[in-house]
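Input: structures, listed below.
One chain, chain A, links the two complexes that follow: it is found with chain B in the first and with chain C in the second.
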Partner chain A sequence: MTGGGFLARNIAGFTQALESVLVTENLCRISGFMQSLDPRVKAVTLLIFIIFVGLAQDFPVLIAIFILALVLVLLSKIPVAFFLKRLFIFIPVFTAVIAIPAIFITPGTPLVIIAGQAVITAQGARTAGLLIMRVVDSLSLGLLLIFTTPWTKFLVALRWLRLPSLIVDVLGMTYRYIFLLLHTTNSMFLARQSRTIGGFSGAENRRWLGRALATTMVKSQYLSEEVYLAMLSRGYQGEIRTLNELSLRSRDFIWMAFTLVAVSLMFWSIYR
Partner chain B sequence: MSSMDSTFIYIAKNLNYDYPGGISALRQICFKIGAGELVALVGANGSGKSTLLKLLDGLLFPTAGELQAFGMKLSESVLETGNRAAEFRRRVGFVFQDPDVQLFSPTVWDEVTFGPLQLGISKDEVISRANEALALLNIGSLRERPPYLLSGGEKKKVSLACVLSLRPQVLLLDEPTTGLDPWSQGNLIDFLLQWADKDKVLVFSTQDLDVVEEIATRVIVMGAGHDIVADGKPEEFLSDSDFLLRNNLVHEHSHRHKELVHRHPHLHEHRHEH
Partner chain C sequence: MYVVSAPFWYVAVQRVRKVLTHRTVPALALFSAFTFILMMFNIPLPGGTTGHAVGGTLVAIILGPWAAVLSVSVVLAIQALLFGDGGLTTFGANCFNMAVVLPMVGYFIYKVISGNSDINSARRLAGTIVGSYFGIIAAALVAGLELGLQPLLFHAADGTPLYAPYSLNIAIPAMAIGHLAIAGPAEAIVTGLVFFYLQKSHSAFLSRQASQKDEGKLWFVWAGALVVLAFATPLGLLASGTAWAEWGANELKEILGYIPQGLGRMSGIWHAPLPDYTIPTIGNIAGYILSALIGIAVVGFLLWMLGRWISRKKRIKQNPTSTGVS
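Our next item is the complex of A and B:
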């Protein structure tokens, strides 16, 4: 591992992380269908779909939900290629860890025998297919929520869903300061790169990384103490009070009604 | 409370502050600050200006001596009590030197509404104050932006706006012009001079003697011994080059004047006629 490569990769990684967040923030600002929904309605209805996906045993139903997710992507003006790329980053990992073993370990009618030993059963293939489709659907719905809901509005939705305020506040501040610490760490890497000619050994890089991590931790601790003082200074007394400025509009009610009808119909088609 | 002197907003009597480990930050600080005063705290790095501002905001408490604000002794126990703490926080606003410390909320709007909301002010009033603060600093367009997408100057303005939404009587600013371009510095000076009136108090720390001259009606000079070495009107000190050099408020270095390069103090001077 050379010093330049190690540093360049880390700097590129930090930059990519920041760019990725900026892209997501921009998608949330587009005036599309999902972006226009109340975040509470969006979170609850997508959660209903995700729970339903977990229960569904039917390929047509799971495929229908995936098609619905793609339609929502289009209506929300999210580039489909970008969406699919994000979606299918996770699928190979999931397939390797969960779905492939299921093909072999599920008992049933042999479908294919590999090298006279490993048996792929029809039931195993169906189970693996269902697992993959469930993950594809759940991830699609989750990504839809992430790409169309600004983080701040998502936190409001979590508060409304009665998640303890301490957890919501910590989540909000973590998101806020992770960028600052990311910038600080990126600057440390850039500062080192600017004084580096040639390369360093792996051991030297690891030592430097350890010191950089320790420095970042000390900085973050100092920052947290100062932030606490800044909160006290403006009246913080142990619980953050916020304005709830959300209000439901007609399109929220229409979407809720659609969700209930769609899920009921799919239930009916499965269990009739 | 009634036995205290309430003529002044702040009274410091032999204030000392030591950081954990016995590191001295302030030594024998005495002053009185009344309504209508615009006070500049000047001094070299590490002389204790920021620590003194934190004491004035009730974030730190003296390790010896006494600090009174609005006729009451400032102590941890006083600021733990709901009503008195809320009343003090409502009247005093502190803008930290590093805006990243101060901007902890997800968006500018959340930030500007944070203070009034914590103090139990009604929702309509909070919205009205927040809009007013954003308009005062001409940053209404930043309302929905997250702090990490703001420039340095914008962060400083938002930091000030989120304190102004408290409508404080006392404004404490730690190095308010540091990192601002000349245009933003000018805007800030204009704003502070408009904000000031006979009932309000401004205490700000700075290294910039031009800003002192533009804003302050009084200067407190902190020395290397973490004590006050001078306290008076700006004109009493700003033209005394020996005093300024001795207290690290100006520096001597090489200057180029066309062909001639020579050393002399970098003196503060006013370059226009009235």
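Our next item is the complex of A and C:
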């Protein structure tokens, strides 16, 4: 008898996804520091930082990058509590699955011995700490990019980075139609829920789910043909043109200079 | 991992661009959006647990394997960028597992089982179910390999692993068990049910898609699957210590401290046809690879037999009076 619960769980999932994207889109519209940067500059510089985080192997540098990320969050007028909440949704799962066992299974100098059996090694603790710090850092930088760049601007940056236009166009349109399909399936689930009294067996739910998915698939196929005709009638010839003209401003150059100096400083502090 | 995925993306873009032209963009976009929705579905599994499916095999069956590579990659990109699940740095690996290995292996098995049977046959349905199940298992195994290889490849001088700390004989079973039990059934149930419903109610849609679908030359898919397998084979040589599920009774005793009763009895009865996966006279490495190839051939043959058997049963059921007369 999982009928009601199963429908409600799915509806909640869809709504949550919609909500999280809408919140992100609102953050992109705030006039803060990161929002005002050119998307290409932002993508490339944050990517440099993320790659650097992957290479860095000591704590001071990783902590410095985290502090930098938090400063940027403040400058971009993103609510810090919200940012930290999004950041730490993933950390506990990651910690439990990957980091905690590492403390015990990494061979090395014993640090703590529990009940004469389980051994926490110095190397193990270090591994776990580094792992967590690295994930915190790259997630923060990634979230910073996501929270301050509207999807369409981001795609312009990708196009500028020479990604094939086929992929960029598909990325853009997929984003658009995810919302439509989310809405459609949400309505299907709501309609089903409104006609449900009591519950259904798991098997019945699975059959219904299969039908719902297949219907959505056929619907999206028809829709794609209609969309194609609509695109043709608006003069589509195999390439999507946008009005997004990007130009670099002085603050873009300042930020690029800062990135260069910061990364070289950290590089120097590790390998001197 | 970006480097490994890149050639697949390149070929996929080229193929899709060549065959479907302008229509491609909206069709791919809509199917990617559909895949996104599919991944969000919370699927009730027998036994009360729930799981999520990837749907890579389903998309591969409907749109063709190359289109599936692209649309699952697009969905993973949107998930990584918009929802922040799955970091940017692991995106390459994720794509290789879920957008390349999964649809390729799944589609390959589907093709082997379904052969040239009718689009509405039970044999096709069996192909979708078996294909999607083993597609996701293959993806999980490859993910386990990637995780397990990391401490071998990247570690500090004192042996401290720099990235994921698990060795192969921890990572692979950890990935395999969860996927055999939960993600595999979820994937197989969803793929099977959707395909079954499409057969019943939208068979025109299915056959139209089948005629439009670009699967490339089939040998290409074969080659892709073999490359993946060949990739996996030498890794067994790298794994030091015992491989998962290949323990003899003695090794089990060392690990568990005792021999499970049933296994102790069984070990006298069952001798593996190729003990330790090596043919003694050829030398270990060649023997290992040869055993793997024999294994692939045996599995392929069994799948083919299964397909034959199902299709014959179906044919007899359809024309009970006209057997042998044409």
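Throughout what follows, the second predicted complex is superposed on the first by the 263 of 272 C-alpha atoms of A that agree within 3 Å, B and C clash if a C-alpha of one lies under 4 Å from a C-alpha of the other, contacts with A are read in each partner's own complex, and residues count from 1 in each chain.
One rule holds for everything that comes next: contacts are C-beta pairs under 8 Å (C-beta built on N, C-alpha and C of every residue); 3 or more make two chains touch, one makes a residue touch a chain.
The shown structure was predicted, so the numbers you read here are calculated from the model rather than taken from an experiment.
Undergrad: Taking chain A as the common reference, can chain B and chain C both be placed on it without clashing, or not? Answer clash or fit.
TA: With chain A aligned, chain B clears chain C, so fit.
Undergrad: After the superposition on A, what does A:T152 contact: first (chain B), second (chain C), both or neither?
TA: In the superposition, A:T152 touches chain B alone.
Undergrad: Would you check which partner chain A:V80 touches, where first means chain B only, second means chain C only, and both and neither mean what they say?
TA: In the superposed model, A:V80 contacts neither chain B nor chain C.
Undergrad: For A:R241, decide between first (touching chain B), second (touching chain C), both and neither.
TA: In the superposition, A:R241 touches chain B alone.
Undergrad: Using the touch definition from the top, say if A:G54 reaches chain B (first), chain C (second), both or neither.
TA: second
Undergrad: Once chain A of both complexes is superposed, is A:I254 in touch with chain B (first), chain C (second), both, or neither?
TA: A:I254 sits against neither chain B nor chain C.
Undergrad: Which partner does A:A191 reach: the first (chain B), the second (chain C), both, or neither?
TA: A:A191 contacts neither chain B nor chain C.
Undergrad: Go through the superposed model and pick first if A:V23 touches only chain B, second if only chain C, both, or neither.
TA: neither
Undergrad: After the superposition on chain A, what is the angle at the C-alpha centre of chain A formed with the C-alpha centres of chain B and chain C, rounded to the nearest 10 degrees?
TA: 90
Undergrad: For A:I67, is the partner it touches chain B (first), chain C (second), both, or none of the two (neither)?
TA: neither
Undergrad: Once the shared chain is lined up, is A:M231 touching chain B (first), chain C (second), both, or neither of them?
TA: both
Undergrad: Once both structures are overlaid on their shared chain, how near does any Cα of chain B get to a Cα of chain C? Whole angstrom is fine.
TA: Shortest inter-chain C-alpha distance (chain B to chain C): 8 Å.
Undergrad: Do chain B and chain C touch any of the same residues on chain A, and if so, which?
TA: The overlap between the chain B and chain C interfaces on chain A comprises residues 151, 172-173, 175-177, 180, 223, 227, 231-232, 236-237, 240.
Undergrad: Using the touch rule from the top, collect the residues of chain B that touch chain A in their complex.
TA: 54, 57, 59, 82, 85-86, 89-90, 93-94, 96, 98, 100-107, 110, 113-115, 117-120, 123, 126-127, 144, 146-149, 162-163, 166
Undergrad: Along chain C, where are the residues that touch chain A in the complex?
TA: Listed in rising order, the residues of chain C that touch chain A are 13, 16-17, 21-34, 36-38, 40-46, 48, 50, 62, 70-71, 74-75, 77-78, 80-85, 87-89, 156, 158-166, 170, 189-190, 192-198, 201-202, 205, 209.
Undergrad: Quick check on the complex: what are the chain A residues that touch chain B?
TA: 22, 25, 150-152, 155, 172-173, 175-177, 179-180, 223, 226-227, 229-237, 240-243
Undergrad: Considering only the defined contacts, which chain A positions touch chain C in the complex?
TA: Of all residues in chain A, those touching chain C are 2, 6, 9-10, 13-14, 17, 20-21, 24, 47, 50, 54, 57, 86, 90, 98, 101-102, 105-108, 123-124, 126-127, 130-131, 135, 138-139, 142-143, 145-146, 151, 154, 164, 166-167, 169-178, 180-182, 185, 202-203, 205-207, 209-211, 213-218, 220-221, 223-225, 227-228, 231-232, 236-238, 240.
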